[in-house]
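One chain, chain A, appears in both complexes that follow, with chain B as partner in the first and chain C in the second.
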Partner chain A sequence: MIGTVTTRPTAWSTYSAWANRHRKWFFAAPAMIFVGLLIVVPLAWTVYLSLTDSQGSVRAESKFVGIANYLQVLGDTERFWPAVLRTFTFTGGAVATEMVLGMGIALLLWRPFKGEKWVRVAILLPLVATPVAVGMMWRLIFDPNIGFANQLLSWFGIPAQPWLSGQTTALPTLIFVDVWQWTPMVVLILLAGLTSLSEEPDEAARVDGANAWQRFRYVTLPLLRSTVVVAIVLRGIDALKTFDILYSTKGKGGGSFHEVETLNVYAFGLSFDYNDYGISSTVLILFFLLIIVLMWMVTHRRKGDES
Partner chain B sequence: MTAAVTAQAVPEPTTRRRRRKSRAYPIFRVVVLTTTVLLFIAPLMWMLVASFKTNVDIYDSSKTFVFTPTMDNYSNVLGRNNYFDFIFNSFWVALWSTVFSLILGVPAAYAMSRFSMNRSAMVVLMARIIPGVSLLVPWYFIFANMRLVGGFAVLILSHMFVALPLIVYIMMSFFDSLPTELEDAAQVDGLTPIGAFLRISLPLSVPGLATAGILSFIFSWNNFMFALVLAGASTKTLPVAIFNFVSYASIDWGGLMAASVVVTVPIMVIALFTQKYIVAGLTAGATKG
Partner chain C sequence: MKRHSVVSVAAIAAAALVATGALSSCSSSGTTAADAGSKTIRVTLANHVWTDTIKSKLPEFEKATGLKVELSQYGEDQLSAQYNVKLNAGTNEIDVMMYRPLQEGKLFAKNGYLADLGTDVKANKAWDWQDFQPGPVGTTTYKDKVVGVPIITEQEVLYYRKDLLAKAGLQVPKTMDELQAAAKAIKAQNPGVAGFVARTGKSPAVTQFSSFLYSFGGDFIDESGKSGVASDAAKKAYAFYGGLIRNYGPANVSTDMSWPEAMAIFTQGKAGFYTEADSLYKNATDKVKSKVADTVGFAPMPAGAGGSKAYNVPSWALGVNAASANQANAWKFIEWATSKAMTLQIQQAGVPGARSSVWDDPAGIATYPADLAAAIAVSTKNGVGHDRPLVIKVPEARDIVGNPIVVAITGGDSNAAADAASTAFQKLLDAEK
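Let's turn to the complex of A and B:
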């Protein structure tokens, strides 16, 4: 650096040079520390609580009970296992329906047409609507006495249904609500995938005489696989954790017969309605493991298929 | 990453492929899409219509479509129940949780994208997977000890937990698609790496920032569970206020629907004007494979 004027390093320039040299962590660390403090610490605490009989108040004395909570929860066929089953039913039913309907709508929207903009606006509205308000809205529509759903059925001579207030109909009705709100999300993701596909494979199959279904099944769908997996993972995670529409329509404990009590609702109730922190933490840890295993299975299968 | 970007890359479909299609398909498509749109819109319309009815009219099936509109529900809700406070609370929490998450998340996303810090990214994205309930008990305890429960700070912090991973996820896929040449050129011209990020990459990222910011605002506005536990009487957000509406013995349906319209309409208006960004954000990373 001969010929240049060397300035005495100020505190600022030293700091600036240090920040630039370590910019990778200078940039990433604040967010990582924030996430660490807000997630890792509580998660570790949850693991600890799941091994104690903490109850009533977190500040109250609690005993270390080892894996007793896990044995109790895993042996609980009254609340825990039915909640697991409901979580699977809700997630499976909702995500499968959303994928099928979403794929159909995305294929219809694929090629540009007049009025496309309006359809896109219309499908965006359920997606951004506040879930609690959505729950309340459907609660009115599905009200057995004054709701529009039964009025609609009566026009076709079909007897009134209990919908949300029925012990067996509540969960399917809520699956319907979830499908109404989140199918647009699947449509948008699949549409983004479809738009990024090149035309040639489809064109080649057409020249070879493949019909519309064959082109979809053997050309478009395999090319779209990674997008489909992304849609299933994103929707799956959110559906497993669904809370707002369940709690706002059925309230505490998922209704008087726990008819829509999924794992998330169950754990919330244990924590904040019964203050049973030990058991609640155990349920949450098991729930968390379940989500991770499911997501690993979905994404791992994809990698296995590709190689 | 975005629908806009991919749309440019893909040429318009050729007219050649249309030729062989039968006439039936366009008609089928219009019918099905119209039905779909109606199914998505009708319930929202129903909510809107009910918010202009008296409770007597809501209970009267002969007045399903024909009724005398009234503004009473709105004046009741907005007048008596401190709703303007709840609207402000929701707005305030959404605003600051978005701003702080952008400040923390954007540089992090940049570093994670440029240095391929996949494992670090995984840690942040874990937040999308963890059930929120498992964080609430420890948070409640910690924040209660710090005497923060019921204040805005704890609500903003908890909503950042939703916003930050979202912003990191969206901005990572944005920075992945942003070419590095301009930054490199700026560094050759004498900018420091951080200077190049601040003066070159960041201004180029405005569409990405808008996408991440708008979505984070919407998710915070719509969030229910965290505020249900952590909000105090004076910091209650709109979704919690709506939920409390039904804890009474008989439901004031008209008022409830008016309250629901009040919470959804602002977000839908935002969505209509920023449709492009919302779609880009929701589909971020979906086509990377």
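Let's turn to the complex of A and C:
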């Protein structure tokens, strides 16, 4: 170490010193380059496309049209706004049901019991299935003529239902499928939160004579608050972006009446079916802004609560 | 100090790794551009009986030419998505592409995805370009340039159940009215069996509805180039097709059916009549796939006010990617796959070809059920050369003109839907002018 003091600075040591001074940039560089290549560039390209009338081929000539696409999309009450409504109905319906069911199951699994391992594995099974395979499976189960769902109903004397093929029943049926698949993830998150809670507040409430509901409502739930928010945010973003089960069960355009066409399915159709890249990019940018606003609202409120 | 230099070396190494990783992934697509005349031909095909036959014969081609064929195979929708992504990016990783001239032909040719085959098709006299039927050739020609070789033709025919018809004491329907009456009788006589089934999805139904439209005397675009979907004939056709499915179709009928779903209902013995492309007939006559293989019959489309007019179209063609560096070898593959002998063999396997010679040759239809061959002959003679609106934006147009079909199936006001569709369709036509 003493020798290094008298050594003449070489190019390497100068560079090394410079690298050391800026090492936070060096370490962040790989991640930043990745983010730049994989997120910023495509996003900028999409924003650019949304301002042009690009169609047919992205390499074909296109005109810069300013915000004309945005005006057209925002004024479209036939496909765009119904798709927005469906996106929120689907997300709201699915996430709310998943939270309630997930909380119930997590509370049941919280306390140790015999055969706990097996129950946990069984509950997690839907989570590991591939969404497209899940879509195909439920499509067969819900087939109006040969599906198992209607056969089950017939055993109880209930008339056959259209399920996925009905104009009004398709979206609720798909919410059910989403709930079936993703409730286990909510259970997993909530269970992690529950196991980290200490027993004392619960015991104190018990000593004070609080009943089970009161202890859950006024002790467990407030303590679990941040975990619940995490579960809602994660599931919310995921549900907003759902594409696989919708596409594998209803195909392009979300059915003949667009009955399950969410923003994602709509944008996919515009791009890969209609080749309307300008309009499709506009829908995606609006969708992106929508998610950002929502997430900002959730996290902002959370910060307000915590301070 | 020592610790710090380890830090900086690690950081530099990490950054360098990322940078070179990015560079090498860029260059990997660059090097393939250089290997012009490569011995490997990359061929993209759709799932089809045609493809199965070609696949089984590939070793012969590879042995004869010393070339290697790399085959990718997709379902229709996946194939479209593949082309959309890859051709948009200007890929040279596809040499030969199987495409649908009526669906994507105009768009692909306009985008410059398809190479000009004008000199190739005339080069080999024995291969005989003149042998290809003029109708299909017209659809693979864009602005007087040949951009594809048609390989499969399709005509719509009526599939029916001989046993159910005999049980009802009825003849094979010759007119639309007779079809309706027979469907009604079959549904009434056989609980759990529909009188009639056909495609119900907004977009997939358009092609099979087209023969009804023509037979009622209408067309998607009239002689003056305007929308024809709100004409009296079209309105009658919409109401008739939708009504058949609504009244005599399967219970709780889905409005998402394409041919696999509709065909499944027919081959499971759950329907008396089914209108569909003849090129799919093997699904109904193959004992492994069909419970009704012994009792299925074929007939020409029943006649409406405009006669019996089925579509007669080239459903698939082979083209060469304009960005391919291996176009000469790509043509060798096409020449082999579309030769007279190969077309005959594939037709004998059940796929109607686009060469006149295979239809003139008795061996070409020897393997077909006799009634199917007769029905195809009628469709070929009176046939209409398109089964969907011939525009650039076909998918959008199909969604528009298909809407009155599903409205009729679900019991809505199909006349009003036809008027609305006509306005939207006219707008699309005007925009493409």
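The definition used in the following text is that the second predicted complex is superposed on the first by the 279 of 307 C-alpha atoms of A that agree within 3 Å, B and C clash if a C-alpha of one lies under 4 Å from a C-alpha of the other, contacts with A are read in each partner's own complex, and residues count from 1 in each chain.
Basically, a residue touches a chain if its C-beta (ideal position, glycine included) is under 8 Å from a C-beta of that chain, and two chains touch if they have at least 3 such contacts.
Keep in mind that what you see is a predicted model, and the values were worked out from it rather than measured.
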Which partner reaches more residues of chain A (counting touched residues only), chain B or chain C: B
Touching A:G56, do we find chain B (first), chain C (second), both, or neither? second
For A:S256, is the partner it touches chain B (first), chain C (second), both, or none of the two (neither)? second
Where does A:G93 make contact in the superposed view: on chain B (first), on chain C (second), on both, or on neither? neither
Thinking of the overlay built on chain A, is A:F272 touched by chain B (first), by chain C (second), by both, or by neither? both
One more residue to check, A:F27. First (chain B), second (chain C), both or neither? both
Is A:G102 touching the first partner chain B, the second partner chain C, both, or neither of them? neither
Would you sort A:G236 into first (chain B), second (chain C), both or neither based on which partner it touches? neither
Please work out whether A:Q167 is in contact with chain B alone, chain C alone, both, or neither, and reply first, second, both or neither. second
Please work out whether A:S16 is in contact with chain B alone, chain C alone, both, or neither, and reply first, second, both or neither. both
Chain B and chain C footprints on chain A meet at residues 16, 19-20, 23, 26-27, 30, 34, 58-59, 145-146, 251, 271-272
Provide the residue numbers of chain C that touch chain A in the complex, in ascending order. 1-2, 4-5, 7-8, 11-12, 14-15, 17-19, 22, 77, 80-81, 84, 87-88, 90, 107, 110-113, 200-203, 250-256, 265, 268, 270, 392-393, 395-396, 399, 402-403, 406, 410
Given the complex with chain B, which residues does chain A contribute to the contact? 16, 19-20, 23-28, 30-32, 34-36, 38-39, 41-43, 45-46, 49, 58-59, 104-105, 108-109, 111-113, 118-133, 136-141, 145-146, 148, 151, 180, 184-185, 188-189, 191-193, 195-199, 203, 206, 226-227, 230-231, 234, 237, 241, 243-244, 247-248, 251, 263-264, 267-268, 271-272, 277, 280-281, 284-285, 287-288, 291-292, 295
Mind pulling up the chain B residues that touch chain A in the complex? 3, 6-7, 9-14, 17, 20, 29, 32-33, 36-37, 39-41, 43-44, 46-47, 50, 58-59, 61, 64, 104-105, 107-108, 110-112, 114-115, 117, 120, 123-124, 126-141, 157, 160-161, 164-165, 168, 192-194, 197, 218, 221-222, 224-225, 229, 238-239, 242-243, 245-246, 253, 256-257, 259-261, 263-264, 267-268, 270-272, 275, 278-279, 282-283, 285-289
Per the touch rule above, chain A residues touching chain C in the complex are 1, 4, 15-16, 19-20, 23, 26-27, 29-30, 33-34, 37, 56-60, 144-146, 150, 160-162, 164-165, 167, 250-253, 255-257, 271-276
